[in-house]
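Presented below is the structure to which this report refers.
Chain IDs A, B, C, D and E follow the sequence of writing; residue 1 opens each chain.
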Amino acid sequence: GCGSDEDEPTILRVGEVTRSIFYAPQYVALSQGFFEDEGLEVELTTTWGGDKTMTTLLANGIDIALVGSETSIYVYQQGSDDPIINFAQLTQTDGSFLVSRDPISSFSWELLKGSTFLGQRKGGMPQMAGEFALKKHGIDPHNDMELIQNIEFANIASAFASGTGDFVQLFEPTATVFEQEGTGYVMASFGIESGHLPYTVYMSKQSFIKNNKDAIQKYTNAIHRAQKWVETSSIQQIKDAISPYFEDIDGEIIELVIDRYRDQGSYAADPIVDEDEWNNLLDVMIEAGELEERAPHQILVDNSFAKKAIDNLE
Amino acid sequence: MNHAVKLIDVSHVYVSEQQALLAVENIDLSIESGEFVSFVGPSGCGKTTILSILAGLIKPSQGSVSIFNQEISSPSNKIGYMLQHDYLFPWRTILNNALVGLDIMKKLNAETKSHTMYLLNEMGLSDTFDLYPDQLSGGMRQRVALVRTLATQPDILLLDEPFSALDYQTKLKLEDLVFETLKTHNKTAILVTHDISEAVAMSDRVVILNRNPGRIHKIMNIPDTIRNMLPFQSREEEDFRKLFNEIWHELENIEDKG
Amino acid sequence: MVFVIQMIILLSFFSLWEVAGRFNWIDVLLFSYPSKILNLLYMKLIDGSLLPHISTTVIETVIGFFLGTLCGTLLAILIWSSKILEKVLDPFLVVLNSMPKIALGPLFIVGLGPGYLSIIAMTLAITVIITTLVVLNSFREIDSNYIKVVQIFGASKTVTFMKVILPASIPTIVSTLKVNVGLAWIGSIVGEFLVSQQGLGYLIIYGFQVFNFTLVMGSLFIIAIFATIMYQGVAYLEMRLNK
Amino acid sequence: MVFVIQMIILLSFFSLWEVAGRFNWIDVLLFSYPSKILNLLYMKLIDGSLLPHISTTVIETVIGFFLGTLCGTLLAILIWSSKILEKVLDPFLVVLNSMPKIALGPLFIVGLGPGYLSIIAMTLAITVIITTLVVLNSFREIDSNYIKVVQIFGASKTVTFMKVILPASIPTIVSTLKVNVGLAWIGSIVGEFLVSQQGLGYLIIYGFQVFNFTLVMGSLFIIAIFATIMYQGVAYLEMRLNK
Amino acid sequence: MNHAVKLIDVSHVYVSEQQALLAVENIDLSIESGEFVSFVGPSGCGKTTILSILAGLIKPSQGSVSIFNQEISSPSNKIGYMLQHDYLFPWRTILNNALVGLDIMKKLNAETKSHTMYLLNEMGLSDTFDLYPDQLSGGMRQRVALVRTLATQPDILLLDEPFSALDYQTKLKLEDLVFETLKTHNKTAILVTHDISEAVAMSDRVVILNRNPGRIHKIMNIPDTIRNMLPFQSREEEDFRKLFNEIWHELENIEDKG
């Protein structure tokens, strides 16, 4: 995607790690034509899973990846001449919830002690954020409770629904669906508990950014515009904007999910990857034992596009 | 009546997509217990078909087949059938091929086994017990198939050209061997052969078959003098040549008509 | 007769499922039930969003099916043509076949890009070696006397292959076709799990993601229908070849 | 001779890979290179963390391999025993085989719980039907004259099976063993993708999770080694059966 | 010298895990172009082995084999070989089975095809063109295999018991047919048979083989009177019986020693 004739739109190939309401601003940008307004044509592919997304990015199968920042850190950790640069943040908290099998009127984290907890798989951001939150509340996940950690992401809900575990760490829309069906009850948000993190971020190869500064800037502009739009629009409007991307979720559930995420501040207000957030992420990863040395913010993050986008919008 | 085999008005049609072929028609024949009957007739006249019907492998399109006064519908273990081709099992040694019938009938014991080994020895196969079928010549394989059939000592023996791949001398020896075995135990036998002297020498009756469709053309009774002799000696008899020529003549007639 | 029994089995299966779903004997969230599935499919058919998914996957599958069978058979022929090649390659084939193809996903993406090529490569990876092993075995099982017959007429290895080996192996190749109907579907679906913007595999993984198992079951249902159609094709071929 | 060629192929493959990795002709991040992989494996072997993973998966695979071959062959026998059963089940087998097993994950987990049972069920799901289809085809291909021979001696269907069908199908069953070596590995690895705390499949998925492809390649490498050992077992069996 | 076939000191050992079997030993034989030679000998004496060596299917353990003065190592298209068993291809129709040699040799054209159909007709197989081998009787299959071999009109014909499954009348007719065909085109032929009269009636020379291991026991020259007659007529000749008995005697000697 080089060159920037006025009429010829620049094509950008974007890979998203999964399809989720968690990424609402992205679908808003697409459906509201924000990219087109910038003269961009975005081809969106779902490259299911962080590994596939990063592989595709490294293999030049896509230009921009929407994926957890931790993957860029893993890549950096193993040494790369052409590091992956985080340039625009989309979500800033974890997106999972603590769901209980039984309704508990007065929930306290103490109740988790001695229970069976169905957690996410090791090495992924949800697991790290989840254990980080548990530890924050004085619970040692490996000793104070029975931690089941062996089930693949897509099947955790099935396992819980079929009777495994007292508590489970679930994403949306599953948590809301469970609540509606009476299968489980949301007790707490891991997003709130683990604090702000660069959770899902747009990133690209350093070399690509260097050669396509213009396109990246435009892309960031559009994303920021969508972030503002999500912040100021009604739940109903947002739902209408993104529902073409979620035809198979009940409209009501979409609204509930958007509300919940927006309410707890999961959607980043601006594309800047703050250094504090970054350090929080490193803390979480170190706590989980997945990081040998701290990956410097100044190398892996480039906030210049984000800053410019904020300026442009004002 | 004590019939070993009784065919009443048996006909058989082979039906395939291309055609329906009337292979044998209106076969009426009773064979008494202990009798030895030979079938001769031109190639393709339906001899194998009749044996297969008797063995219960083919259900005839029409007519009834009974064995010791019992109608048959599936293979009976009173009958031993030596197929025209040997079909030895390539994964079994020669001895085990010869024993397969006893094995299946659960009659395998030291006695039957040594009897089978005796038969193999008699047929000149003493060195081949542990070999596999593809290491044998055509005639040797045929003899193994014969032993396989004889080993179970069935009451009725159906033999489809059992000596066709053998040289004269071996053939004569085996004719005597089979003849004696059958007579001592009063077994019934039906032999298909193209060798007219073999038919005359071994049988009590020779059934001459016509073709297209296969029908009984004529049945020749063999005089007692020849009947009771060993096949090898019969051939020296005065009447032998006469009978041979008679059957020859009948077959020639059939051929000319065909 | 056979058809009637098959229908009875199918109908009782679906009725039982429906009843179990309606009466909540099974978790509807996880297993859904037929009328709900059909309703969803009907809606998607009406609004036109289903057909592109179907056609994408069907095309990938059919291409993978033919290419997989063809390449597998050709590889078997190649290996058959040389005793040494056969001995050398045999262990490689078996070990290669034991590599979990999903773990090779990144390789395909790197080599072939995140598109149809990767998906078809996945189908090939899944079908080719099994086809090769099975077909090669049938080549080996042919009675050597038939080969003798044509050798007597001075047949070269190629002619021997065309006149004996191939016709004698047709039944096995057809039965491999039956195996490959299945493997081709699995290949294209797993390929779509890797990278995709549309297709039934996309619908399945997306269904898991949005916790809509009715969608997952519906996609499996469509796969079953098209697999049945492909089966009928193979069965027809088989019937024709057996005269 | 054959062994030498195989070694040459292997060595040149690994040397080329090593060189390509060292000189950065390939993306080391994605493909790693042999010495790096071996180093990682060695480290993990020393600190004792590798062996439990290996033993877990090897046990699952071996169980799945035997059970899969056994069940597949038994199913083939069952189907062979009745013409109607054969006709009725044939399309079901083919269509069932085309269901992407991964999408059936919830079924296993709900039915068998998130443990070893689910993993072994996955292996069976992957191996059984293919075995059945291939073995059943070999049953059908047997010269009916051999069957005649034993029928004449009054052999029941069971005896016919034991004395003719089974011995005549041994070569095909052995070749299915070769196919199943591969499928059993894939089954246990994919099963571990679904549920596991331990095992090579777990290592692979963890490797993907933390984007450590050296770990992924290392696991694939171990799988290849053990698949080779299983192949040798099958090859030995084959040699013995062919005398 | 114009030898069609020349065997010099040929021996063959079949080696298997269980044993090494010396099947034939020190075979020395020259056959001139246009000659008709028969092999007779007890079952398992190595007749098929010798034919397979001549056909280039087996490499002899020792000795040299040449055809028209050229040493052979692989099947030559100058040779037509009718195997002891028919091995018709079950997936080809009878006509296509008969044409397979022409097909492979790329000699299939309207003329050769109609010649093949003529041969099939002559052998009484006119109604079977579109049938498949398993719809034929044993003797009919054997005749198809014979046509398959004759159809390519090879210079040297190796026939391994070509008439063993046929009735007398058919056999006599086909003997004449084959004999005439060969003589008209001056073809060379080697016939393996267990039928001594067939050997005498058809051949220029009869080679009697001994067994264990297979060696040439004696070679009988057939007098010109018999040689030049059609086989059917030869049998009426005076010398015929004498020759027959002589060969019979030799074979009996071999049998007794064995």
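Criterion: a residue touches a chain if its C-beta (ideal position, glycine included) is under 8 Å from a C-beta of that chain, and two chains touch if they have at least 3 such contacts.
Chain identities (UniProt): B, E = ABC transporter ATP-binding protein; C, D = ABC transporter permease.
Every value quoted in this text rests on a predicted model; they were computed, and no experiment measured them.
Q: Using the contact definition stated above, find the chains touching both subunit A and subunit B.
A: D
Q: By count of C-beta pairs in contact, what is the leading chain pair?
A: Here the largest contact count links C-D.
Q: Determine the centre-to-centre distance between subunit A and subunit E, using the mean Cα coordinates as centres, and give it in whole Å.
A: One centre to the other, that is 84 Å.
Q: Return the distance between the CA-based centres of subunit B and subunit C, expressed in whole Å.
A: 51
Q: For subunit B and subunit E, what's the span in angstrom between their mean Cα positions?
A: Taking the mean C-alpha position of each chain, the two centres sit 27 Å apart.
Q: Using the touch rule from the top of the page, what residues of subunit B touch 2 or more other chains?
A: As it turns out, subunit B has residues touching two or more other chains at 85.
Q: Among all residues of subunit D, which ones touch two or more of the remaining chains?
A: Subunit D, residues with two or more chain partners: 27, 30, 106, 110, 193.
Q: List, in ascending order, every residue of subunit A touching at least 2 other chains.
A: Within subunit A, the residues that touch at least two other chains are 51, 55, 58-59, 154, 158, 161-162.
Q: Give every touching pair of chains, nothing left out.
A: A-C, A-D, B-D, B-E, C-D, C-E
Q: Tell me, which parts of subunit A touch subunit C in their complex?
A: Against subunit C, the touching part of subunit A is residues 15, 18-20, 44-48, 51-52, 55-56, 58-59, 61-62, 154, 157-158, 161-162, 173-174, 177, 181, 183, 246-249.
Q: Quick check on the complex: what are the subunit B residues that touch subunit D?
A: So the residues of subunit B in touch with subunit D come to 55, 57, 75-77, 79-81, 83, 85, 87, 89, 91-92, 100-101, 103-105, 152.
Q: If we count contacts the way the header does, which residues on subunit A are in touch with subunit D in the complex?
A: 49-51, 54-55, 58-59, 71, 74-75, 78, 80-81, 121-124, 148-152, 154-155, 158-159, 161-162, 164, 290
Q: Could you pull out which subunit E residues touch subunit B in their complex?
A: Those in contact with subunit B are residues 14, 16, 18-19, 21, 40-44, 47-48, 84-85, 124, 130-131, 135-140, 143, 160-161, 164-171, 194, 196, 248, 251-252, 254-255, 258.
Q: Which of the residues in subunit C end up touching subunit D in this complex?
A: On the subunit C side, the touching residues are 1-2, 5-6, 9, 27, 30-31, 84, 87-88, 90-103, 106-107, 110, 129-130, 133-134, 136-138, 140-141, 171-172, 175-176, 178-179, 181-186, 189-190, 193, 201, 204, 213, 216, 219-220, 223-224, 227-228, 230-232, 234-235.
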